[in-house]
Amino acid sequence: MTDTFEPVIVGFTCNWCSYRAADAAGTARVKYAPNVRLIRLMCSGRLDPAFVLKALAGGADGVLISGCHPGDCHYIEQNYKALRRFLLLRRTLKGFGVEPERVKLVWASAAEGVRLAHEINAFVEEIRKLGPLNWPKWDNQSGRDLPADIEPQPIEEVPA
Amino acid sequence: MNKYIYYPGCSMEGSARAYAESLSQVAKILDMELATVRDWNCCGATEYLSINLIPAYSLIARNLAIAAGQVNGTNELMAPCSACYLNLEKADYYMAERPALGEKVNEALAAGGLHYKPGSLQIRHLVDVLVNDIGLDVIKSKVVRPLTGLRIAPYLGCMVPRPDYQHRWSDHEYPLELDDLMHVLGAEVIDFPLKTDCCGGHMSQIAPETAYELIRRLVSEADEYQADLMVTVCPMCQMNLDAYQGEANRFFGTKYQMPIVFFTQLMALAFGIDAKSAGFGLELVSAKKALARIGVEAPAPEPASPRRKPDGLPMPPHRRKKYASGREASDEKIAVAE
Amino acid sequence: MTAKPKFAMYWAASCGGCEIAVLNTHEKILDVDANFEVVFWPVAMDAKYKDVEAMEDGSILLTLWNGGIRNNENAEMAHLLRRKSQILVAFGSCACEGCIPGLANLSPLNEIFETAYHTVSTENPQNIHPQVSYPAPEGTLTLPTMNPVLKTLAQVVDVDYFMPGCPPESHQIAAVIDLVIQVVQGKAELPPKGSVIGCGDSTVCDECPRTRNVKAITAFKRIQDVAPLDPELCVLEQGVPCNGPATRSGCNARCPRAGAQCIGCYGPADDVIDYGARLITAFASVVDAREPAEIEAILDGIPDPTGQFYRFNLADSLLRAGKGAAMSRPNAITSGGKP
Amino acid sequence: MIENHKPKIGVYVCHCGSNIAGTVNVDDVRKWAQEKLGPEGVVIARDYKFMCSSLGQELIEKDIKELGLERVVVAACSPHLHEKTFRTAAEKAGLNPYLTELVSIREQVSWVHTDKAIATEKAKSLVSGTVQRIAYNTPLEKQKVPINANTLVVGGGIAGIQAALEIANAGFHVYLVEREPSIGGHMAQFDKTFPTLDCSACILTPRMVEAGTHPNITLMTWSEVTNVSGFVGNFDVRILKKARYVNEDVCTGCGICTEKCPKKVIDTHYEAGLGYRKVVYTPFAQAVPRFPVIDRPNCTFFQKGTCKACEKFCPTNAIDFKQEDEFINITVGNIILATGYDLFDAGRVTNYGYGRLPNVFSSIEFERLSNSAGPTGGEITLRDGKTKPETVGIIHCVGSRDKNFNNYCSSICCMQSLKFAHIVRERTGADVYEFYIDMRTPMKAYDEFYQRVLDEGTLFVRGKVAEVTNAARYPHEKGKLIIHVEDTLVGKQRRIPVDMVILSNGMEPRHDAKQTGQTFGISCSSDGWYIERHPKLDPVSTMTEGIYIAGCATGPKDIPASVAQGAAAAARVLDKILQKEVEMEPIRASVIEENCSGCRICNSMCPFNAIAFIGDLKVSRVNPALCQGCGTCVAACPAGAITGTGFSNEQIFAQIDGLLMTV
């Protein structure tokens, strides 16, 4: 057992292309990194940026978004919308201090099982290089669920 | 002004002087600035890579590293010699393709304080540069003495369009760049079917009979098409076809007299340069008759240097002879054996 | 003393605008006085923390809390007032969602201090840097300790109602005061706990009179670069990033009516899971380009997307709220690939 | 959402024999689901050898009835394989089918990972994701939309003709659209068909005529589909009908115009560049329809304003120089694409000299050369049009099975080459060499034909030809084409001089296949052929409901296979038509109108125009009949006012939580 960092990646796939590409990779027994857990959407256009934020907030080190190649969308052109949201989301993440490379968009047709597997492997390696998604150590408590009787504990004392 | 970093290679200073001289004329007219790679060294030619990869690649990469350090407004490294071009491109390609190799080569280069990052140079062959950068229109506009009536067999040899790592050539088996170039000079270009066939290469050194056959094929085919001369882009092709044409003739009992010249020589002629400055007269199979067809007087051939005895020190006796004799040969005997 | 119900208002990490907004209700403030006994309101009357501590738990009927929780004093008071109050209202954007002070959550504390005390915009000839405690001759003086991040009130204590706005509109405050008075008088019922009050339940667009069309944005611009802004047409359609589509209604579309874009001070509408994500998706969706380079060029018109989308909501955003969760994930780094 | 009530969930883990159980510790997953996911509502977790077997399904049905399960999670193969199986089983036991979900732990886990421990952990997390998600699944009802009984068939080659006839004969209307002036396709160019050596035209033309005269077929040649919108059952199709400059209502197809037209041009299309045609022409004698077209760019009248010979001589005044392109809109319920193939451009293999060496012919050139209606009247000659070849070399796999060009086998070239060999020997008596890599003659009576050609004395050389050259090395090669090849059976390089070379060039996807695919909403593989819904089990369907594919559009095929596919696609369409209605997945978006403020961000999201803005109410509304369920508007709504069934925010958020739950 080595001590290499095994990132956890959530992947969002399109029902018509990349999810089928994953099926095709399986059928062809193409081996790839086990770090990605896929969620099936009907279309990459269904991808709400909040899903990505949720995954990152929930502990994923990276998020893979995949859809049909430009021009090949099962719903004609929705993947362009996914592309635009992806680009703006990455810019926003940067402002949050999250490396934008943690979110990746991959086009993969239903026939491209092998390619998807390669892309997954490459992405896992990229995230491995980036390391775990380390939030700046300012806070160790989560949001609204905080029990009322617990006093906030500052991590380091800085005068106000 | 088109700028290039220029890797001449050894031939340009030796057997291919005609290439070097005509190129310098052509470059001037086409407003090309060629900055020679400082302190360049041998590219390893065709042999070294098959012997030991790491030192061979290191040898080549030293040139790349130095050239990369010379980048000034251009990162295009141009080589006129096919072998040099291929070796430089190969080193650049494989250093990127196989990072382990790249690392080892750079380790070697580090000993000389050098480093080469693959991909930092664009490696180009002269014909590619002329056709694709300078452009046929510009070249055509500089023609003052069209080569009308001159039948030319354009011949590229094996190494320039293949394997073509960067996909710069129109085709690997039948590229037409050189044909087009000759065409704009006004020459009659034959559809030479063997344009990418082998010239014999170093077979002329190790298996001359094989080389003779390869030479015969090319020369006889050009002759079949009634070409006045063959143009080549490669010092080795030129050398083989020119210098060994006579030997091949003797071997087969044929009488071909096919002049083999560099394409730049014809460009220079077409641009109005006189034949001597264009490097004519250095070829062994005289281009005099061919040039006469376009009314150019070929310079008198340089007086041939007297045939020299074989260079170097005498050889030791053949090993087999030694064992066959069943006894040790004395040093004196070795000395007088030849 | 009268048997009037008790009222308190407290000011934590915020600008004070909320207090002004309350006073801006004009004569309505007299109703407060007439119907309530104001027991604690530092900005309006003299009061000591120890007086509050002395009160019976649950003895204050209504506390309006404005401001985020930035230091341990804020936190302590939040817990104290929670204990003493029957109804605790997160009043204003800072208390509800962090607001402008929450933007500091993008930087670590030391950077915040560095910027506040030691950059060119601060005149600090003696290079003063505040201390938590100071040994004065009269005894040790202490200052509250800054928390690492600003939290919303609800992230620290249980909150009964949320009243958004930066500040809440005075007519909305007046309406809420009226409602509470009616409740006190037994004439009305309180809304369910956790409700957002003093606002609408739709988005700013709902109250905006501007005409809207199918959107296709070819460039995002700063408002001063769009001259003149068409007074009739949707601000977003004119390329100015207007947060109205995702922002809760209640302000009567004050900014768009005045010829400016909505900046989102009323926070997320109902059913909005992450305010910023809604704007990211909405703006990106209507960008009229397909090539990545073209899209990027259009997006360049939003120079600070994080600020644009999370100006008021950062401390309450999904990513911020989830950071704790990410940190507490039992060992993301596993050995040998064994998750 | 699910206030205080966690629905009762059953988890079923399939072994799939050893397909899953070989890599995933199924028992461990089951135990874990039972214990760790108990708080999430899992009341029962089981594993079984083959969940999809009837015994496996009965297990689930029994639990639904006895344990009162409200949700079923099956961890097995991809939902694209067995989702329907399990949903049907659950429905039988009284559970709404949309309360059953499949977790793919075979395609996404056991088949792609090797480490058993890691695979097991991943399987757990996927199960956890779906368990969390399914709590938010809601019962859904499938929607039914009526099917328009008209069908559009695109491409009038043999596959398209077959499909059109099958449907028309069943009594339904077909629009057959062909972009050339006549239907018939490539088959009309051929002389003989292998292996029976039937005359191609003899067997094709009756079908063409039938299609041309069938009362249920509207034939639209010289026309192209430019736009398709809508969805299965109701496609709106826009067709560009190019101007023929001939009034089809009065033209009798007498051919006088063609006869009188003074201008000839090289026919690069039907005659493959070997012959000529007039400027007003029908591509071939048996063309259907028989109306000619005027080739506008070459017509003297259109170029210079004079001539009009055709108009002068037309006995019915059918020539109409003022005719313009027009658009025709039709509505159809289903579409069959039989758009065929392009021939590989043999000139790309430069070392074979096609286009440079005159006596190197492409396969289609040879078809025309050997066709009795062709430019030489069926005489097999060299390019000079006179000389009969004495030796002929036929090169297989030109552009196919070659990583420089196309990796795939074009499947017909072996048989086509054998046919050529037979014809050459029969008509010229020439010596014929076939240069092949492998002989592929797998269909009915194909290998027998190979034997026959062998017996006829054709010489077979196994090896990939290196080059075809005119550069002779030896006196006997002078004036010949020399085929340079490594004969891999002899183990020698050979130079074989021949008079004529025929390149058996293969098939390629249509040059505009991608564009056409985009028009119809289907996609191409990396080779460029259209992708079938399933390569084995659903070869004529596409991922887009109501769009079918037949013939060479999906890959190289011979005539019997194309015909079979045309008929198969027609059967699928008839199946749809006879159902009268089509069931639509109930995955739909809808606007919560109280939350909608009418910002109109969503209005441009829908390519199906399902979202309308109701001006009076200042809200947007989704038309469920038009919504295809992609969810793009759901994700776009800034107010969170649009919800999507089947893939709601709650479902996906819960799934994310589940996937990331510590395992």
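Residue numbering begins at 1 within each chain, and the chains themselves are lettered A, B, C and D in the order written.
Keep in mind that, in the parts below, contacts are C-beta pairs under 8 Å (C-beta built on N, C-alpha and C of every residue); 3 or more make two chains touch, one makes a residue touch a chain.
Here the structure is a predicted model, which is why all the values come from computation and not from measurement.
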C-D compared against A-D, more contacting pairs: A-D
Interchain centroid distance [CA atoms averaged], chain C/chain D, Å: 56
Distance between the centres, which are taken as Cα means, of chain D and chain A, whole angstrom: 33
Separation of mean Cα positions, chain B and chain A [Å, integer]: 54
Chain A-chain C separation of Cα centroids, rounded to whole Å: 29
Of all residues in chain D, the ones touching two or more other chains: 115, 118, 122, 125, 605, 632, 635-636, 649, 653, 660
Interface hub residues of chain A, defined as touching at least two other chains: 8, 34, 48-50, 54, 58-59, 77, 81, 85
Of all residues in chain C, the ones touching two or more other chains: 273, 278, 281, 285, 329, 337-339
Touching chain combinations (by label order): A-C, A-D, B-D, C-D
Residues of chain C that touch chain D when the two form their complex: 201-206, 212-216, 234, 236, 244-246, 249, 269-273, 278-279, 281-282, 285-286, 329-330, 337-339
Interfacial residue positions of chain C with respect to chain A in the complex: 69-73, 75, 79, 82, 105-106, 108-110, 113, 130-132, 143-149, 151, 154-158, 273-274, 276-278, 280-281, 283-285, 287, 289-290, 292, 295-296, 299, 302, 304-307, 309, 316-329, 332-339
Interfacial residue positions of chain D with respect to chain A in the complex: 78-80, 104, 106-109, 111-115, 118-119, 122, 125-126, 129, 514, 517-518, 521, 523-526, 531, 543-544, 587, 605, 607-608, 628-632, 634-636, 644, 646-647, 649, 652-653, 655-657, 659-660
Touching residues (chain side chain A, partner chain D) in the complex: 8, 10, 16-17, 19-20, 22-23, 25-27, 29-32, 34, 37-43, 45-51, 54-55, 58-60, 68-69, 71-72, 74-78, 81, 85, 109-112, 117
In the complex with chain B, residue positions of chain D that touch it: 350-351, 353, 356, 467, 469-473
